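Chains here go by letter, A, B, C, D and E, matching the order in which they are written, and residues are numbered from 1 within each.
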């Protein structure tokens, strides 16, 4: 099977500004970036808290959050579908089969990922970071910020990972988005469609497009990540 | 929609030893655990190496590995499908639509996850860990092992995350495994099937079964993770 | 107000949807959002009122859907037929068999490799109907129940050099890739009916009743039927207009 | 007229396996300097960390400048009045200047004034030639100097210095002794945990000895 | 009959911004003890780390017991012959006993002998009452003692001690001085980087001074 031709064609469409392809790309980026931007602050904060506050059941909570990483995204999609369905409790919002529904799903999927990896990064930080900040007069919030900044490599890895998860998942996006052309079709659901048509090469070409986009996003995200964390 | 009933039924089947359900569970666990067991050693080693050896292009390699986290699993599935297909270069192995094909796919999916998060964990480690080990006479390999043991919390987070990724993914497993009942059907592909049949509640119930399993695996994995990393 | 059309992958995969939707949008100035899903899934989301009109091919389920009050009425739109395909070598010798049930009996007798959709789709329902008609229960090691879409099942059958039941449109589109041949066709029991149903506004007051009505009218009208009969895959007609004069 | 800056009443600290502090009573007069001596592991660091609100005490009471301090809900305002310098200081992985500026920023000192103070502090620490070196690359003594400068620049009411001279060369040690002398005149109370004979022998520095979980003047 | 244990020839080390070591020449006689003095940041730690193979030199040559050492491909065997104790030692997050046993394990010392040696070392470090405390909870001085014990137990040919007494109380310091004395008689060469006057003033300890990137006997 020839991969070169479809890939070249996909990039050709990309650069000639094929509106259908760009619409798909836009939906992918818009939904995943919006979801991460919305959910990262609370999730990172929670991961930080679990890492530094010790309370009974903390260890169990950590293991449970880790287990949530195994939750299939399509099940997240199913649950959100049932909530957003016209008959569901949130049906009145009319969010089903819209990009916003996908964003909600992505937020749910990204949440445990961000919590677990922020936790892991903060856990690995030198406890003196937080103490030094506090001792120099930083209030709780500011000290937390300083600590997160010291482990920025790990926190950005968490963000990058959650982005990777949502931007490449298909189960939830197809379930709550409906894979509607021109509205909720994004790169993975488009790949699913190509695959279901037997157009495997096209699917792989779209995968390459996604990787190039992800590379761009990661380069952008790696600027704040910096060399600071590198020893 | 009633969730309680199907969930109760799923767990009923589980405990009454319904062979079809247990077969699905077995496939899920066998493929994901085998893949992680096979790929974790080289991937963790590579992540370690990238973290401690500095060479030109290292930073670019890190960003690239992170971008690989965004690669849709179905595309991994497509590529492996084409390799294992009858006309493909590895067709003579007759691996397509077998659990072993799924294992190969899982290994490819887990690889960058393990590399990136091992890297991130080792990066965050105190550089004196490795130096102390070396200075006390540990050879390279042993010193690496000691370092990984010191950051075991992070390394286990990497393992747990890669397990979560593969055990919940559907694109690759369905593509190279074929979702064959009694052979390559696993929990996520069974969920996909239930979903396509409109049996949403059944799908969600299977999702709960998966979470319970993941919890078990995570508890088992968290024993070596230990409190050591907790400060 | 836009119209939400719930339809199955088979319709999209054949390429027909890309012809029908824009034509309808132009004809009636109604924006269509096509939601794609498996057959069971389409009916389920329609049942919950999340789409306005359904276009699928599983007559038995569709009748049940209407009977339960979820749909206003079911109308025939078009049909094609299913074909039994398999490897050129045809180890069970069903080539040219006009009787689909007879062909299935031979496959069963030889315990030949057979890939089943296994997903309760229209195609799967048809397959089950044929096994039932043959008085057989399909259960042997090389009878593979896969739970996948038509194209993937066809390609799987190609990979495994197995038999399968496939609709003609999909087979025409994938013939080259699958490397299988039509071995048995023409039995009237292999007819594949596509129908359209407007979701019942009595159950779901919020649905786009006018839009759904317009779609049902248009697709069963002269214009819609004409488009269907003119649609070609590789020069081959794969759908046949089937709308009876509307009751 | 001597005001009590810090008063501790029967501070205790125990671990599951052992009782480290068994009732520390202590009163530090304002603007005086104290050196806390005691064997390794006797609890000097722990005691200072309790005072600084970095670790909970198991029991006891504390008053700062006459005000009772709830050790379980350590007040934010108190954190701005005292500063603790770790035995092995941690420098943020940013820059020397950012490290020294950090506490000033927290106190809302305006930028131009901050820059002035940071410049002075860098010169005092003798690391002017290292401003573009990442803080974690500094030598042990340099780190300690920067940490000291970072605390000194805040002019707190009470300074808790944990073995401040442990890694210092003779010049820096002399400078630190001078700093302690200066702080005394600037109305800053200083408590130093140290094994350094020069510090212990300093004039105007009162000696406190921690042994068997209790503090006694020595 | 004095054998040269370690010989350094024009060792240099430069950073993009500065030249730290400008050609260090050095010869340590076997079984002798040396103290390396010099201002903070003069390069003591860096020099010892180069010798221990923890950091690359920019240039120069090294011989150990007469054998030329390729500093770019630091030989594994040499690692077993010398041991470097960090200025701020790191203890593995396992247990005190495991920390001390680590180097012995690497050298293949059998279990029963290892246990014996570890027991002795724990007693020497005076941390027998802390065996069930996690190493990172130890006090600064306790950590330094354990690190010293962890190195001492290996009986290397050359010991590089970076400020070993910085956080020690007077007892432990005395004990360390005694250790240095003992090692001299046990045919171990010792090099100590230190600002500690007591160490610098020890009899039988030769003084080396690092200044402006060069070492001179002082």
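By our rule, a residue touches a chain if its C-beta (ideal position, glycine included) is under 8 Å from a C-beta of that chain, and two chains touch if they have at least 3 such contacts.
In this text the structure is predicted, and so the values were computed from the model without any measurement.
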| item | value |
| --- | --- |
| Third chains touching both chain E and chain A | B, D |
| Furthest chain, CA centroid comparison against chain E | C |
| Whole-Å gap separating chain C and chain D, where each centre is the average of the chain's CA atoms | 79 |
| Centre-of-Cα separation between chain D and chain A, whole angstrom | 44 |
| Between chain B and chain A, distance of the C-alpha-averaged centres to the nearest whole Å | 18 |
| Overlap residues in chain E, where contacts from two or more other chains coincide | 88 |
| Multi-partner residues of chain B (each touching 2 or more other chains) | 85, 126, 192, 195, 200, 229, 231 |
| For chain C, residues contacting two or more additional chains | 37, 45, 149, 152 |
| All touching chain pairs, where touch follows the definition stated at the start | A-B, A-C, A-D, B-C, B-E, D-E |
| Footprint of chain E on chain D - complex, ascending | 15, 17-18, 38-41, 44-45, 87-88, 126, 129-130, 132-133, 138-142, 145, 162-163, 166-173, 195 |
| Chain E partner contacts - residues on chain B that touch it in the complex | 126, 128-129, 131-139, 142, 146, 149-150, 228-229, 231 |
| Chain A residues touching chain B - in the complex, by the definition given at the top | 1, 59, 62-64, 66-75, 78-79, 81-82, 113, 116-117, 120-121, 123-127, 151, 153-154, 157, 160-161, 163-165, 167-171, 175, 187-188, 191-192, 195, 200, 203-204, 206-207, 210-211, 213-215, 217-219, 222, 227, 229-231 |
| Interface residues, chain C side, partner chain B - complex | 37-45, 118-121, 144-149, 152, 156, 158-160 |
| Complex contacts: residues of chain A adjacent to chain C | 85-87, 96-97, 178-181, 183, 193, 195-198 |
